[in-house]
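Listed next: structures, encoded as structure tokens.
There are two complexes below, and they share chain A, which is joined by chain B in the first and by chain C in the second.
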Partner chain A sequence: MKVAKRTFDAVIVGAGGAGLRAALQLSEAGMKTAVLTKVFPTRSHTVAAQGGVAASLGNSTEDNWHWHMYDTVKGSDWLGDQDAIEFMVKKANEVVVELEHYGMPFDRTDNGKIYQRPFGGHSQNYGQTPVSRSCAAADRTGHAMLHALYQRNVRANTQFFVEWMAMDLIRNADGDVLGVTAMEMETGEVSIFHAKATIFATGGAGRIYYSSTNAFINTGDGVGMAARAGIPLEDMEFWQFHPTGVAGAGVLITEGVRGEGGILRNASGERFMERYAPNLKDLASRDVVSRAMTTEINEGRGCGSGKDHVLLDITHLSPETINKRLPGIREISIQFAGVDPIKAPIPVVPTCHYQMGGIPTNYKGQVVVPKDGSPNVPIPGFYAAGECACASVHGANRLGTNSLLDLLVFGKAAGETVVSDFQSGQLTLKPLPDDAADVSLARIARLESQTGGEDVHEVRLEMQRTMQKHAGVFRFADIMKEGVTKIMEVAERAKRTQIKDKSKVWNTARTEALELDNLIEVAKATMVSAEARKESRGAHVRDDAIDCAETPNGRDDANWLKHTLWYSEGNRLDYKPVTLQPMSADVEPIALAKRTY
Partner chain B sequence: MSSKRTVQFKIYRYDPDKDDKPYMQDISVELEESDKKLLDALVRLKAKDDTLSFRRSCREGVCGSDAMNINGKNGLACLTSMDEIAQPVTIRPLPGLPVIRDVIVDMTQFFKQYHSIKPYLINNDPAPERERLQSPEDREELNGLYECILCACCSTSCPSFWWNPDKFVGPAGLLAAYRFLADTRDQATSERLDNLEDPYRLFRCHSIMNCVDVCPKSLNPTKAIGKIKDMMLRRAV
Partner chain C sequence: MTLNRGRVRWQCRRALLELDLVFARFLERHFDRLTDDQLADLDDLLLVEDHDLWAMINGSKPVTDDRWKEMVELLRAK
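Let's turn to the complex of A and B:
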């Protein structure tokens, strides 16, 4: 197969919030940039975010970045890097105001400012009372944001390669990143995108689980590509289960529903969160609420004939509030749960939602790996931002609305770093190795010729069921151990996938087979990292971790206050320290404490 | 209703790599109880025959990927309930756009028209330090406009767009045009109206209202187009 070569100053993979935000920096600086995206930009999964983006604007209630920082560190169960967290919360107002200037249709307060609502885990005064920090456009914040960012890129003349799927990362013998290979879906042809800088903004891999709020496209493409290219993945055991996915359908119901006053109830109508989080109640952190719900269901207090879900009740809110602030949720409930939330509560269950871990980066968006005894050495030419990256601002559990903030802040930061490295002459176009496209061509050739192989749909389903069963909301030592064996078996099967569709044109069977290769990397990383972490922290809670004075909530800081690094090659684990020191002298480190809400 | 049921489909198939011309394929699939929407059924079908090609992503009606012509009417597969659908379910690509493969159409023309209306806020004042203020009432003017998901159900159901896809902006593009005209923060009103002052770009809309009928987000492009026409008139007198 002939492989075309295209040369750019920079290539960005992914056109969701982070990719588009990074692209703006590059386009406006006049860099020759290619943005590769396997879907038209406004179809990226940022579009599905609902409740808002965090910024301590203080438009409705008093607020400041110190409180936001405290909430984020506590939410992360102290696994978040405090330098990156300080950077993010300090930048929040700037990036949100910028978005408003780009035209984002935020809701407004009576005095014309950006409307803000309360959200889980966000508080005033270091955990005291809920704060209105989530800047919202009704319950369609992600949609409004993604479209505003795309529109701004149209203005900036950003060059998009729409419906091009990136396949593999290209590195040279020194390990520098030189670009990617990518397939044009319409023709099936593979090209090399040779660039001085490569930014990954490919989103998460929520589709490794059977029940997920995530879109079909969330297959962890960048994470898989990085892993196959020898880059370790950080903290992949930490997956957020969103408390309120529609039971049965998995579709997301925003936490903003509880921000507007929604209440979770069990079979007897009890507001059970009062027992688990007496202070913030239904607005406790997501990991806490998801575990409380699962406990209610496991102990027989679930609702419905199968006692397999709980209810999210907003029937006490006025229809005007629901129609004004939660119109999309009303649509979704009617469509996917068959209930009008004005009249009846919505059946919900915890559902896989967000990947806290990812490609290790620093707060500048540079991808960093251990080298020569130093844990965080940048890989020349490689940057990442958004859900595919791990900065790490979310640590062991992300707060709602911090994901949209993450992609704005670190999308911009990665863009700024690339622009400044470009302008200072640090970025050069390094020679491509002769075999730059060989791996990708071999993958396609294998799919072309595979006989007697495995069905993609079946293998994917087996992976999803395995992850659901072996790495869920509550984790058990023996079940995780068994999960590692099982997922390695599934990974072996994934090497022999076979497709019937041999067409070159828009071959979605081939796309799905290539995506499965990425998903499998993520699933292995998750299972292996989870089994190895012998403590409970944030979203990773295991049965054999004991809640006592030395290990509060089962969290073992003496042994496990460290980031996991998983290497695909050899299925190997390594660890690196958490950055407990903030970036500046403006703030003291947030001291370790037991997490209660 | 039994938990498993078999549904009959008639699906437009075309693979330029192997087919001389498109054909309608009769095919049936057994649905599981969890298969509530047409998209679930198509995914089920694809598990049986991986050559069936369609776009899909969010599966909840916000990304706009899986627009297609369903029993003669444009809609999103993920929002079409299998309980209410007549059989055989006839699936065709969105009408009026070139077909690439099966129900995947080439949307270049559609996006070209969207881009032609300058779909971004234009405000040349120096950016203030904080947000530009906008009253809740002024913000309300954007409701019913900004929610568009660019699925193209509307434009590809519009006869005026079928006849003149290169000249008539079409309902989706015009809805976006009005979204910026209606935004108190935007300063390019006259430039935007100039851009549409033409026998085709705006005025090919004859208020047939197919766009309103098919919009999966219950938006009303015809009404927005009427408002642009009003603005044109007001500025002419």
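Let's turn to the complex of A and C:
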């Protein structure tokens, strides 16, 4: 079957923060750049980011990149690559000031500098005291960032393909990446985007979990495409859970609620955090609070008829405080929990929030894989940035405000690498194989002809329930083992999905079926990688990992200080070393230590 | 010109989970019964930025265009 072909210097998949930042670099260098996106760029999930972007500008308190590097390495529980982390924290000031020049309306100090506020895990002097490092635009940082970047891209003539769903990566016999296939939703037709460079910036896949703070678009499309094309996924067992998602809905209740005096209570009304974190109590770090809540629920002290959540109580605060200091919280609680938090506590559960793992890259944004005995060999023509990529700067646990920094720094870095390779003549348009679109056409044809198949919504729900139960906040050896068997069964069902509506034009059922193909790859990667990692580290917490001098917090550096690589083909695992040496020879590595706050 | 229902349905996919949940309920209960005029009103409302749209639906900001009022009411309906 003949398919239309479009040719560009570069194709970028995804138009959130990372995709737009990368696109800008390319378009301003005069490269003919296409950006494919399922939704209008300013409706990407980056819009939901509130906290801000970390940079050691030192505008509000003394700060420097060495301290930021320390915090990030420690936050990652030493799984982050120290070369990439050094690169990111050193670039932070530059990318934030650039955004300011693009017109981003940052909050200001009285003397006109960018105002900075404190955020969990960020400190002065190597963990001594909290630092003000987060640059924000009120509670709409992500929104303002996307708008500034989008306008700038329009000026630079970036060509947007809006409401196009990328389907599959195109590789040749040597494994080089030559572009992607994509479906235009308006027509249902599949086209080839042939390019010298392909950048993935498709965001995370938080929708693999039943309880998730992520919007419905976060289906891990780039991660799934990479996995199906034979590229391993790195550290997929590490997912950050936010302690306070509204039970049953997932909508995030900001940490600010506990900052203003909100208290977590169990079924008997006890302020249980006093037992788990006697000093910081309800304000302990995200992973500590999430684990405490899960323990309460697991030990039968949960609330409600299902004993499946705890309560976030702000009834002791005055209505004025709630309305003035916690805008939006009352509306969220009324709409999604059916309770007015002025009168009754909000039911909450730890909720999947952020994907630390992803497509393996180096700090230049090049996708790297093991080859001929070397762990990090770039795949010619392929780059990735943002939540879909694993650079790896977040390691086993991400610090708040480091995600917006990640997408700016590595979006730009991927863009710079592509521009440099393009200008030096290293990037060429390699011939397309004859079967370039066959995989995608076969996927569409199967959906057309499938009979006696599975319902997309039911399979997706089964996947989400399986992940929630078997790869949640607390992980148990036998439950994870069972989870591997179960998720492989769900994956078999996902191969036989069926849709009733076979029309081509704006067929959203078909789009959702294609999204499930991506989600299920991520779910398998997560479940298998988690089952195999026999230690606790950052967000991966096993019940059977022992906290002792040799394995502090259950972390086993002797055996598990290494990155996981999961291959879809054969459901196979491999490992590669963590880069403990910073980028610069004169920067000391952050030495391994027990992670305590 | 009649709007394509599939296109409008897809544009109910938003950047914020709050809106996705509200629209999921709306799509299940009301979407298929909308008249062409109502569909055009919805299409217009969907151009509003996500944070503003959420503020209108949760009542913390007024609905600024009369044309959107009926759709916002349906979106609010529990």
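Operating definition for what follows: the second predicted complex is superposed on the first by the 501 of 597 C-alpha atoms of A that agree within 3 Å, B and C clash if a C-alpha of one lies under 4 Å from a C-alpha of the other, contacts with A are read in each partner's own complex, and residues count from 1 in each chain.
Criterion: contacts are C-beta pairs under 8 Å (C-beta built on N, C-alpha and C of every residue); 3 or more make two chains touch, one makes a residue touch a chain.
If you're wondering where the values come from, they're calculated on a predicted model, not measured in any experiment.
Colleague: Let's test your reading of the overlay: on chain A, do chain B and chain C clash or fit side by side?
Modeller: Chain B/chain C on chain A - steric clash.
Colleague: Identify the partner contact of A:V251: answer first if only chain B is touched, second if only chain C is, both if each is, neither if none is.
Modeller: Both partners, chain B and chain C.
Colleague: With both complexes superposed on chain A, which partner does A:A215 reach: first (chain B), second (chain C), both or neither?
Modeller: Both: A:A215 reaches chain B and chain C.
Colleague: May I ask you to decide whether A:H309 touches chain B, chain C, both, or neither, giving the answer as first, second, both or neither?
Modeller: neither
Colleague: Once the structures are superposed on A, label A:I332 by its partner contacts, choosing first (chain B), second (chain C), both or neither.
Modeller: Both: A:I332 reaches chain B and chain C.
Colleague: Quick one: classify A:H194 as touching chain B (first), chain C (second), both or neither.
Modeller: neither
Colleague: Touch test for A:V47: chain B only (first), chain C only (second), both, or neither?
Modeller: After superposition on chain A, A:V47 lies in contact with both partners, chain B and chain C.
Colleague: Contacts for A:F106 in the overlay, against chain B (first) and chain C (second): which applies, first, second, both or neither?
Modeller: The answer is first: A:F106 touches chain B but not chain C.
Colleague: Go through chain A and flag every residue that touches chain B in one model and chain C in the other.
Modeller: 39, 42-45, 47-48, 140, 143, 186, 215-217, 249, 251-252, 328, 331-332, 335-336, 503, 505-508
Colleague: In the complex formed with chain A, which residues of chain B make contact?
Modeller: By the definition above, chain B touches chain A via 15-18, 34, 36, 46-47, 49-51, 53-65, 79, 100-102, 104, 107, 111, 115, 118-121, 123, 127, 129-136, 138-139, 142, 146-147, 149-150, 180, 183, 185-186.
Colleague: Which residues, counting only chain A, touch chain B once they are in their complex?
Modeller: Counting only chain A, the residues touching chain B are 39-40, 42-45, 47-48, 57, 97-98, 100-103, 105-114, 137, 140, 143-144, 147-148, 151-152, 154-155, 186, 215-217, 248-249, 251-252, 328, 331-332, 335-336, 456-457, 499-501, 503-509, 512.
Colleague: Which residues of chain A touch chain C in the complex?
Modeller: Residues 38-39, 42-48, 140, 143, 163, 185-186, 212-217, 249-252, 327-328, 331-332, 334-336, 503, 505-508, 511 of chain A touch chain C in their complex.
Colleague: If you look only at chain C, which of its residues touch chain A in the complex?
Modeller: Within the complex, chain C touches chain A at residues 4-7, 9-11, 13-22, 24, 49-51, 58-60.
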